[in-house]
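Can you keep this structure in mind? I'll have questions shortly.
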Amino acid sequence: MSHTTREKSNLLSRVRRIRGQVEALERSLETERGCAEVLQQIAAVRGAINGLMVEVMAEHIQTHVANPQIASDARRREGADELIDVLRSYVR
Amino acid sequence: MSHTTREKSNLLSRVRRIRGQVEALERSLETERGCAEVLQQIAAVRGAINGLMVEVMAEHIQTHVANPQIASDARRREGADELIDVLRSYVR
Amino acid sequence: MSHTTREKSNLLSRVRRIRGQVEALERSLETERGCAEVLQQIAAVRGAINGLMVEVMAEHIQTHVANPQIASDARRREGADELIDVLRSYVR
Amino acid sequence: MSHTTREKSNLLSRVRRIRGQVEALERSLETERGCAEVLQQIAAVRGAINGLMVEVMAEHIQTHVANPQIASDARRREGADELIDVLRSYVR
């Protein structure tokens, strides 16, 4: 993704936290915890995934669409089209 | 929004269709139609709103973020920030 | 939907407020308001639709699935299946 | 969750697949894959989480709300309330 080290480490912490949440969810299903608890855990994972999604989109916009250093109009348009494709598949 | 006439008319047809769907939903609630039917109508309105959202976002990206004719880096950044704000409030 | 008068009037106020929001959105598109403003309006409509959806689901659950007065197991199962169908089409 | 063995094993496969997807996403971020690819991976995880959510909700409805063998009206109401709480926090 060719972004800054700080951004990369922020995204990595987010995804590792999500992995931990998914592992906890797996244990809850294995040990047959109550439905309501399991549903709250799933809702939490979904919220964290949505948060990660928005961060990656924000980075994509800043780096590949709005960045003044983008080399050509064509590259900028490409960055915009990728973003629009993701939005179309995501917001349904 | 200062977009093309064709884009404007596309968005207006979408929003008018949504108005028609909401009016039909209102009649269903007034005449006490079955829950399942009402829920399907609501899901359809939501799908149409999401579709409109993506079209307006796509236009915003093309006109105010990726457009080669944007006058300055600052204006481009402003367009990007507006988009990111909407994404943050939308994708939760 | 055969629910109480109070519930009906609560749902009707919600859907009328949504109609008003959609009409305001239509005027914003006609008068070419800024993208960011239009996107915020759309996000508000979507939030209101989601709120209505949850209220109708809650009523459906209370009236057609959990209600002690449901006449038969088969009717209760039918109410449950309708709800599950809506959830499947909604949560994607 | 006190459901059948088959349902449990279905849910466990789903959550394990999600864990695999999250691990792959982590590797993509570590090796700095393209934004567009990362966004598609995130959208896939989100779709899988939503699918799991609906399956657990469906099970909850069948086992704790619509089940003819629920011992009392109070238990049935409790199952319904838990479901409505989750819907309220989920559908926003």
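Think of it as A, B, C and D in the order they're written, each chain with its own count starting at 1.
In the analysis below, a contact is a pair of C-beta atoms (placed from the backbone, for glycine too) under 8 Å apart; a residue touches a chain by one contact, two chains touch by 3 or more.
All values derive from a computational prediction rather than experimental measurement.
With centres defined as the mean C-alpha position, give me the chain A-chain D separation in Å.
Centre-to-centre distance between chain A and chain D: 18 Å.
Could you put a whole-Å number on the gap between the CA centroids of chain A and chain B?
Chain A and chain B have C-alpha centres separated by 22 Å.
For chain B and chain D, what's the span in angstrom between their mean Cα positions?
28
Check each residue of chain B and list the ones that touch at least two other chains.
Those would be 50, 53, 57, 90, 92.
Select the category (line, ring, star, complete, other) that matches the graph of chains linked by touching.
It is a ring, because the chains touch in a row that closes back on itself.
Identify every two-chain combination in which the chains touch.
Applying the touch rule to all chain pairs gives A-B, A-D, B-C, C-D.
For chain B, which residues are in contact with chain C within the complex?
1-3, 8, 11-12, 15-16, 18-19, 22-23, 25-26, 29-30, 32-36, 38-40, 42-43, 45-46, 49-50, 52-53, 56-57, 59-60, 63-64, 82, 85-86, 89-90
Along chain B, where are the residues that touch chain A in the complex?
Those residues of chain B that touch chain A are 47, 50, 53-54, 57-58, 61-62, 65-66, 68, 73, 76-77, 79-80, 83-84, 87-88, 90-92.
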